[in-house]
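In the two complexes below, chain A is the common chain; its partner is chain B in one and chain C in the other.
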Partner chain A sequence: MLVLGRLALLAGFCALWEALPRVGLADPELLPPFSTVLATLGELLARPALLADLGTTTLELLVAVALALPLGTLLGLALGENERLARIFDPLVFFLFSIPKSIFLPLFILTMGIGFWQKVAFGVFSTLFIVLMSAAAAVRSVRPDHVFTARAFGASRAQIAWRVYLPSMLPILLEGFRLAVIFGFTAVLLAEMYASRTGMGHQIASWGENFMLQRLFAGVLLLSVVAIAMNEAIRGIEARCSHWRS
Partner chain B sequence: MSPGRIRALIILAVLVLWEALPRSGLVPVLFLPPLSLTLAVLAADWPTFAAALGVTLSEVAVALVFAVGGGLLTGALVGGLAGPRRLLLPVFSSLYAVPLVVLYPVMTAWFGIGAESKIAFASVYGFFPTMLATAAGIRTIDPQLLLTARSMGATPAQRLLLVILPAAIPTVLSGLRLGGALVIVGVVVAEMLIASAGIGYLVTFARTVLDSPRVFAGVLLVLLIAIGFDLAMRWVERRCALWSTAGRPQSAPAAAVPT
Partner chain C sequence: MQPLAELNRDAAPAPRGMIEVSGLNHAYATRQGPVQALENVALTVGQGRFTVIVGPSGCGKSSLLMMLAGLRAASAGQILCAGRPITAPDPDRVGVVFQEANLFPWLTALDNVAFPLTLRRAPKAERQARARAMLELVGLGDAATRYPHELSGGMKQRVSIARGLVQDPPVLLLDEPFAALDEQTRMAMGEELLRIWAATRKTVVFVTHSLTEAVYLADEVLVMSARPGRIIDRMPVPLPRPRSYEMMASAEFGRLRDRIWQQIKAPAR
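Up next, the complex of A and B:
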């Protein structure tokens, strides 16, 4: 029932997008009909150049997350396990977590230029503190009485790590990972839109500047679908893990 | 040494390094202009910065009304009514993943490169999180309060004015804090991308001519605005929390302020 309702919403959204420019309520130059945008997207996806741009953006995101994830998790584990470190660094980390990251983008260009590694570095900077905070929260979610009980029954360190720590930490770590992917995607796209020669962000920005709205909307649609698909995929894993946990 | 003192020393060390590293030539001034030089530029060019700041803040103010007003209203409706909540909340939290920044070129194509496109973009940027936070927050209103009010014969108007609204104040305030922070970032990012005025434009212009002291001064200014807004809102939240939870045990997280 709910799923049907949501599908109806989606269909209504597409129908409205199609109808508004068709009946003259919106300028088709400014809002190309949905079917036109879909056709444009099909054409674009057949081009090797666009696939290369999509590949560049994906690779930047993957490398950024692959660096931020272990680094943030290690730092978060240190803060979560060590009381003294936590008392010194928690306020600083929370401060760095809460300040807006996007406005630091020009500094990355001054120091690193506008290439691949500048996007990766900005992606790492934008996601590191999310991972760090959730890793620290994950460690703190492990209940000491569970650890004591396991130890009392003679569990080894490896067993405690594997059987007590991991199941308790996994949902929070996955949530942090999901947010890192979402925010990392935004960061990488913003960096490409701001100053770049490649990538989907660069394409989107230049289609906008050249008033190629059919392609622009096709690009926005594509990136939205990719982002939602990534998000739902990680959520699916989360749901699986919590199922397995209980 | 106490954790607080060590933290103060770390911050001091960062500030000293910010000054010393570029002065000693270990780090090029292009990468990191000394703190004193950054502040001197900010002071010397204050009229320019102040004018840009005025443009940015006026855009922020208008976008704040749209983002927070719309977010609170929609959030209260979606969160407060069971039907829409079950239908829409998962949809909105899926949409939350969409990188909204790619919509900015659409805004400039529709509204031009003036203030309108910044306001439109920042409104959308601040809307979703405010709405999701409100939808979650509106459900924290204790149903016992409503039940008690009803059993004591309160009219629907009295229930709204005397129970629901006061109980919703913390939600509204945290929505305003979250939405405001995002609106500030949204406006500045939009100005950085395509604009002809504002603090974001100033930073990008300085960046293209490799004038790093001005870039740092502008970034510092934006950071101060964002932090200032956050601190001011937290202060208001704390005052209201004291009042709205009088007689209830004080919850600890209300006192957690970033230092």
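Up next, the complex of A and C:
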């Protein structure tokens, strides 16, 4: 019933998208019908050049996240475990977290150019604070009485880390990782749109500038699906690791 | 204090479940200075005996139990279990059950019970068989795959007792294990514990606030004074076993309970 309802909603959305430009309620130049966009997407996906762009963007994101996750987690663990360190650094981290990262993009271009590593660096910069803050929150969510109990049954430090800290922290950590992927994707695409010769962001920007709306919409559709798929995949892992909560 | 220990080591080895505490003192360091929690506590619990400790709130019962469990070092004094000193948690000798069940919410009831065995890297089949047997023992054989949030307070506490028993330690320490339960469940759990104790013949040290519970369960009740905690009475409970609910109405039961009450009732301030 629920699934049916949701499918109906999706179908309705596509139908509306199809109908509005066809019956003249929307300008087909500005909003190409859904079927046209789908066809364009099919054409684009058959092109090696576009697949290369998609690959570049994905790789930038993956590398950025692969760097930000361990780095942010380690820093977060340090802050979460060390009271004194936390009291010094917490406000700083919090302020940095609240600043929009996009305003630093020109600085990244000035110092690093417009290549692959600049996108990665900006991606890391944009996600690090989220990972760091969720890791710190995750450590603080570990209950002392759980640690105490494990000790009472003779747990070593390594066993406490592995069998108490990790499972306690996992739900919050994964939530942070999921947000990091979303923010990282945004950051990498933004950097590509701003200044780049490759990548999906670069393509989207140039299709927009050149008024190629069929392609623009096809690109939007593609990236939306990719983003949703990544998000759902992590949510699936989250659900498996935190079913015991509540 | 030394001679007692020496004597035991030279003579026949102390029974597995025997606890001997002598000259135990403990002061907590606080910002206001040292807080004397225990003062010259000495006690002996014989193999297989059920000893209950009562005393006013804050008198150091939990502290004493933590020390027996090796979870906290005393400022001075000696704790022997089976003739050997306790200096660190030793789950082979001592099992612990806390006031809060303290189950790990991410593990099933079975895995919670098996946790101490997991720490020792026991083979999985053995772990599961042992844990299952303990769950049966506490009457939760059919709840093995449930998570803590799917269990009632009393069930959690029983899982916690099963976990305390899983390594088959000769000694079981329980710190107000039923305090969070309602009166009915509490009575039922007390009976349950006596049944398990009769079946396993462990040495039990049990802390409680309930005088009725104390008399109902104990071979001997140790009464502690307000802080700094000292043992001010050792009261044998000569009621026959198995204990029954009806005994609580007896004159003897009332007399025993009254004797404890007279000693711990707070002096009017």
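Here, the second predicted complex is superposed on the first by the 243 of 246 C-alpha atoms of A that agree within 3 Å, B and C clash if a C-alpha of one lies under 4 Å from a C-alpha of the other, contacts with A are read in each partner's own complex, and residues count from 1 in each chain.
Heads up, the rule we're going with is that a residue touches a chain if its C-beta (ideal position, glycine included) is under 8 Å from a C-beta of that chain, and two chains touch if they have at least 3 such contacts.
Computed from a predicted model, the values in this text were never measured in an experiment.
When the two structures are overlaid on chain A, which partner does A:Q159 contact: first (chain B), second (chain C), both, or neither?
second
Of chain B and chain C, which one contacts the greater number of residues in chain A?
For chain A, the partner with the higher number of touched residues is B.
When the two structures are overlaid on chain A, which partner does A:H146 contact: first (chain B), second (chain C), both, or neither?
After superposition on chain A, A:H146 lies in contact with chain C alone.
Of the partners chain B and chain C, which touch A:P167 in the superposed model: first, second, both, neither?
Second partner only.
A:P91 contacts which: chain B (first), chain C (second), both, neither?
It touches chain B, and chain C stays clear.
Under the stated touch criterion, which partner chain does A:L9 make contact with: chain B (first), chain C (second), both, or neither?
Touch partner of A:L9: chain B, not chain C.
With touch defined as at the start, can you tell me which chain B residues reach chain A in the complex?
Touch residues, chain B against chain A: 3, 6-7, 10-11, 30-32, 86-88, 90-91, 94-106, 108-110, 181, 184-185, 188-189, 192-194, 200, 203-204, 206-207, 210, 212, 215-216, 219, 222-223, 226-227, 230, 256, 258-259.
Applying the document's contact rule, which stretches of chain C touch chain A when the two form their complex?
The touching residues are 69, 71, 89-91, 96, 98, 100, 102, 104-107, 115-116, 118-120, 147-149, 163.
What residues on chain A touch chain C, complex-wise?
145-146, 148-156, 159, 163-164, 167-168, 243-246
Along chain A, where are the residues that touch chain B in the complex?
2, 5-6, 9, 30, 84, 87-89, 91-92, 94-95, 98-100, 102-107, 109-111, 182, 185-186, 189-190, 193-194, 201, 204-205, 207-209, 211, 213, 216-217, 219-220, 223-224, 227-228, 230-232
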